[in-house]
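Same chain, two partners: chain A is paired with chain B first, then with chain C.
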Partner chain A sequence: MTITLSGIAKTFGDFTAVHPLDLTVPEGSFFALLGASGCGKTTTLRMIAGLEEPTSGSILLGEDDITRLPPHKRPVNTVFQNYALFPHLDVTENIAFGLRRRGVKSVSKQVAEMLDLVQLGDMARRKPRQLSGGQQQRVALARALINRPQVLLLDEPLGALDLKLRRQMQLELKRIQTEVGITFVHVTHDQEEAMTMADSVAVMYGGRVEQLGPPAELYENPRSTFVANFLGTSNLIEAEVLSPGTAGPEQLRVQVVGADATLRLPAARCAVDGVGAGTKVLVGVRPEKISLAHTDDADSVPRGVPEDHNRLTGRITDASYLGVSWQYVVESPAGTQLTVYEQNVSRDSRLTPGAHVVLHWQPAHTFALDAAQDAAAGEEAV
Partner chain B sequence: MSTTVHASARSGSGARGPASPVRWLRRNAVVLVGCAALAYLLVPNLVVLLFSFNKPAGRFNYAWRTFSTDAWTDPCGVADMCGSLGLSLQIAVLATLIATAFGTFAAFALARYRFRGKSTTNALIFLPMAMPEVVMGASLGTLFLNTRVQFGFVTILIAHVMFCLSFVVVAVKARVMSMDPRLEEAARDLYAGPFQTFWRVTLPLAAPGIAAGAMLSFALSFDDFIITQFNAGPSTVTFPMFVWGAAQRGVPVQVNVIGSAMFVLALAIVLGGQLAANRRKKS
Partner chain C sequence: MTAVAPLSSSGPAPSGAAPGGEQDPDAAVTDSGGGRARRGLTPYWLLLPAGLWLAVFFVAPLFYQASTSVQSGSLEEGFRVTWQFSNYTDALGTYGTHFVRSFGYAAVATALCLLIGYPLAYMIAVRAGRWRNLLLVLVIAPFFTSFLIRTLAWKTILSDGGPVVSVLSSLHILDVTSWLGLTGGERVLATPLAVVCGLTYNFLPFMILPLYSSLERIDTSLLEAARDLYAKPATTFRKVTFPLSLPGVVAGTLLTFIPASGDYINAQLLGSPNEQMVGNAIQKQFLNVLDYPTAAAMSFILMALILIMVSVYMRKAGTEELV
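The block that comes next holds the complex of A and B.
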């Protein structure tokens, strides 16, 4: 069922947890609310569950207004952070809880089906404290899913699991979602988790949605510095727009502040409205899009820099081996330390700290953001 | 870390050498002290039990004479004793029920809600526990006297509910504070209305605290002498009052029988509870 939040907001005393927010979660989708702690994502989820009453705005489930409905009357179930399993009931009774409350008499068949779905058949009579974290997580999931809710809400469901189990459960959750076809709304602070599982992601920051879209769209074309830094790593370079149109109608040319270099980017990938000559922007490029060439052969063929690439000069200050790739930190007159990931294929052995290099990348991989924002927003939050 | 390794290595080599009593003592000191402490607690009870099988020569059951089960076969053989026992049990059960109900409500209010005068209430609840019983008993008695309330069953009951209440509040509040509020949210999320949430989740989770409060109440009420003495009427003699009165003229063996029976019963309840918990854990 489609969820429509319109103008939904929540304040606690003087503190605004969620600013008026409009959001539509399409039916059957896996939707992630992503953000650092305190960004309002959990509050938003709790408002959908009915555990928090919105200060203003309305929540529609399909066509029905559920804004004022108490939680036990909403066809919505939640998988809580740390699971909140009932310690005095065994696995079977935990899972059957929702059915029993709605007066279903024979629950054993459905409980058995659910235990199968989450692969916990032989744990039926155990108490929650006798289960491992991953098993408790599955019980929490089964307890919610057995009610066949219109929408399943997941509040950091994998937060308490270790890395390996988390990966496994990510795939598991995705499998179950495809199998049952229910709309999932997933709250997480882990950008990788959101990217692997969700069809669309809403990045939240300070009680507002910064950007909404499919994971690839958010990663390739961030519209704010927070999104650029929170999802992966971005190199942000201060620049000024040169008179538009000089590079054709589809392209923008910018002058890097503090360096003698101009860069080009597709006009459509500029997140600033109404750019003109002299507009200050932050030019961004992802570290894995950048290639390095040693200065000595920057202009030679075939190792050199293709004619149409953006290029910047710099000096390597740090090189670290990450297994699948090398990570370089390059100091550039453009003012920032630039990060570059080079695939660990055929590495130029001269690329060591101190070496002078040319960084180059395709203009199509370049984006531009409004320079009025904090360029470091979202960096430390990861 | 390294000292631990050394110590265990040394004791390991010592175990192979000849057994030394000093070493044995050192290794079992904690157990010995524990047993001594238990004995200190239990010996008086055992003496009571032993003397319940005595056949004393005079009216005082203080010197051992000969083994007899007379008192056990005729526990109510002493005039008025079983009546006072019944009265004590009645008061203890009623006081426990009332104090547990009100104390549980109060504990939830204090643990879950914010309201004006909360900290004052918190302090006042503790007062009956801290106040000397003589003072409380006497002042309550004065109050009843001045408001011309007839002394008797009701005044004793009111007095007992008063001092039991604080113990229930303390026990239940500690439990409620440690309960995860998300469990109730989970229940509400899973289609349980307010009443069902309370009945199916809140109450079962708080039950150990409530049970502890109730057991304390029962024991305190059954046992109380000082406050009861100030607030009893001429015809309401509770068991502790009977024992005190009897002690002036000579203690019948039946008092030991009742005392021993109570002790054995309490022991059985505790052991039974322990066994049930163990079995539940195993299954």
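The block that comes next holds the complex of A and C.
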């Protein structure tokens, strides 16, 4: 069932947890609300569950307005952050809780099916405290799913698990979602989790939705510095737009502030409205998109920089080996420390700290953001 | 043995010789260093003060009373142990009604404490917010006054023709209670109702505090989970809150019922001879009649009956799984 939030907001005293926000979660999708703690994502989820009453706005489930319905009347179930399993009931009774409350008499068949789905068949009579974290997580999931909710809400369901188990449960959640076809709304602060699982992601920051879209679009085409920094890493370079149109209608040319370099980028990837000559922007490029060439052979063939690439000069200050790649930090006259990931394939042995290099990348991999924002937003939050 | 070396090196120097000692085959495992041996004894040292106290003031008197309970004789001739178990059967025969009355009053008072205390404890634990600590202080505030004074105060409160009695009378509540056999005529004092009221009042904090602590510990996300899983507020209470507060209910009822069934002050001050509880009978045997064997036998019967009831109750409640 489609969920439509319109103008939904929540204030606690004089603190605004969620600014009026509009959001549509399409039926059958795996939707992630991503953000650092305190960004309002959990409050938004709790408003959908009915555990928090919105200060304003409305929530539609399909065509029905459920804004004022108490939680026990909503066809929505939640997997809580710490699972909230009933300690006095065994696994079977925990899972059957929702069915029993709705007056279903014979629950054993459905419970058995659910135990199969989450692969806990032999744990049916255990008490929650006799289960491991991962098993408790599955019980919490089964307890919610057995009710065949229109929407399943997941509040950081994997947050308490260790890394390896988390990866495993991510795949499992995705499998179960595909299997049951229910709309999942998943709250997480882990950008990797959101990217691997969700069909679409809403990045929240300070009680607002910063950007909404499929993971690839958010990553490739961030519209704000927060999104650029929170999802992966971005290099943001201050620049000024040169008169538009000089590089063709589809391209923008910008002058890097503090360095003698011009860069080009697709006009469509500029997130600033109404750019003209002199508009200040932050030019962004992802570290893995950048290639490094030693200054000595920047203009030689075949190692040199391709003619149509954006280029910046700099000096390596740090090189660290990450296994699959090398991570370089390059100091450039553009005033920023630029991060570069180079695939660990054929490394130029001269690329050591102190070496002078040319950084280059395709203009198509370049994006531009409004320079009025904090260039470091979202960096420390990860 | 390999583990011994690093351990003994961290201990005091002389202990290095200990593992080599031939006295004890287990020495290498249990006593690889002086530090560990001392740590092993620490719990016993901590138990010592309480253990001594209990030995002198509880275990010894208990044995003394046990021997008294099977003595015969009189104050003039002296008592001597004759294994006279008829003290027990005689006491039960003579004071059977006192036992029944004691447990009856204690049970009613415990039930009333639970009915009054549960909503209050729930309110303090769940809804009181910043008033919580103040309310808790108010719950234990009566302890700042002596038990005796508080019970005497009830004498005034329930006095004949006093405001409480006249209100109850004009509302015809006294008609109902006297029909139930709890009061007689137009008075409350010197009736079962007065004794039960006194017991309830005096033991209420012992019910509220354990209830509060178990209610306060309930994770609110469990209540949210119940509501999320289609439980109406009343069902949430019945299926989640109450079962999870059972440890508090059990602790509270025990802390109320046990002392209440042995109490004699309330019956003494607020009741008439018809409301005498077993505590009054024991007190009278000890201090007025000076029939020590019977008094001791009654004390043991009371203790045994309470132990039996408590163990049956604990088994029924089955709360050990909850904690």
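One rule holds for everything that comes next: the second predicted complex is superposed on the first by the 382 of 382 C-alpha atoms of A that agree within 3 Å, B and C clash if a C-alpha of one lies under 4 Å from a C-alpha of the other, contacts with A are read in each partner's own complex, and residues count from 1 in each chain.
Basically, a residue touches a chain if its C-beta (ideal position, glycine included) is under 8 Å from a C-beta of that chain, and two chains touch if they have at least 3 such contacts.
Note that the structure is a prediction, hence the values are computed from the model and not measured.
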Message: For the combined arrangement obtained by superposing on chain A, do chain B and chain C clash, or do they fit?
response: clash
- prompt: Touching A:R125, do we find chain B (first), chain C (second), both, or neither?
  reply: first
Message: With both complexes overlaid on chain A, does A:R143 touch chain B (first), chain C (second), both or neither?
response: both
Query: Once the shared chain is lined up, is A:H189 touching chain B (first), chain C (second), both, or neither of them?
result: neither
Query: Just chain B (first), just chain C (second), both, or neither: which does A:G98 touch?
result: both
Message: Looking at A:H360, would you say it contacts chain B, chain C, both, or neither? Reply first, second, both or neither.
response: neither
Message: Quick one: is A:R286 in contact with chain B, with chain C, with both, or with neither? Answer first, second, both or neither.
response: neither
Message: Please report the chain A residues shared by its interface with chain B and its interface with chain C.
response: 49-51, 70-73, 76-78, 80-82, 84-88, 97-98, 101-102, 143-144, 147
Statement: chain A contacts chain C in the complex at 49-51, 70-73, 76-78, 80-82, 84-88, 97-98, 101-102, 127, 143-144, 147
Query: How about chain A: which of its residues touch chain B in the complex?
result: 49-51, 70-73, 76-78, 80-82, 84-88, 97-98, 101-102, 125, 143-144, 147
Task: Under the touch definition given earlier, write down the residues of chain C that touch chain A in their complex.
output: 219, 221-222, 224-232, 235, 239-240, 243-244, 321-322
Field: chain B residues touching chain A - in the complex, by the definition given at the top
entry: 180, 182-183, 185-193, 196-197, 200-201, 204-205, 283
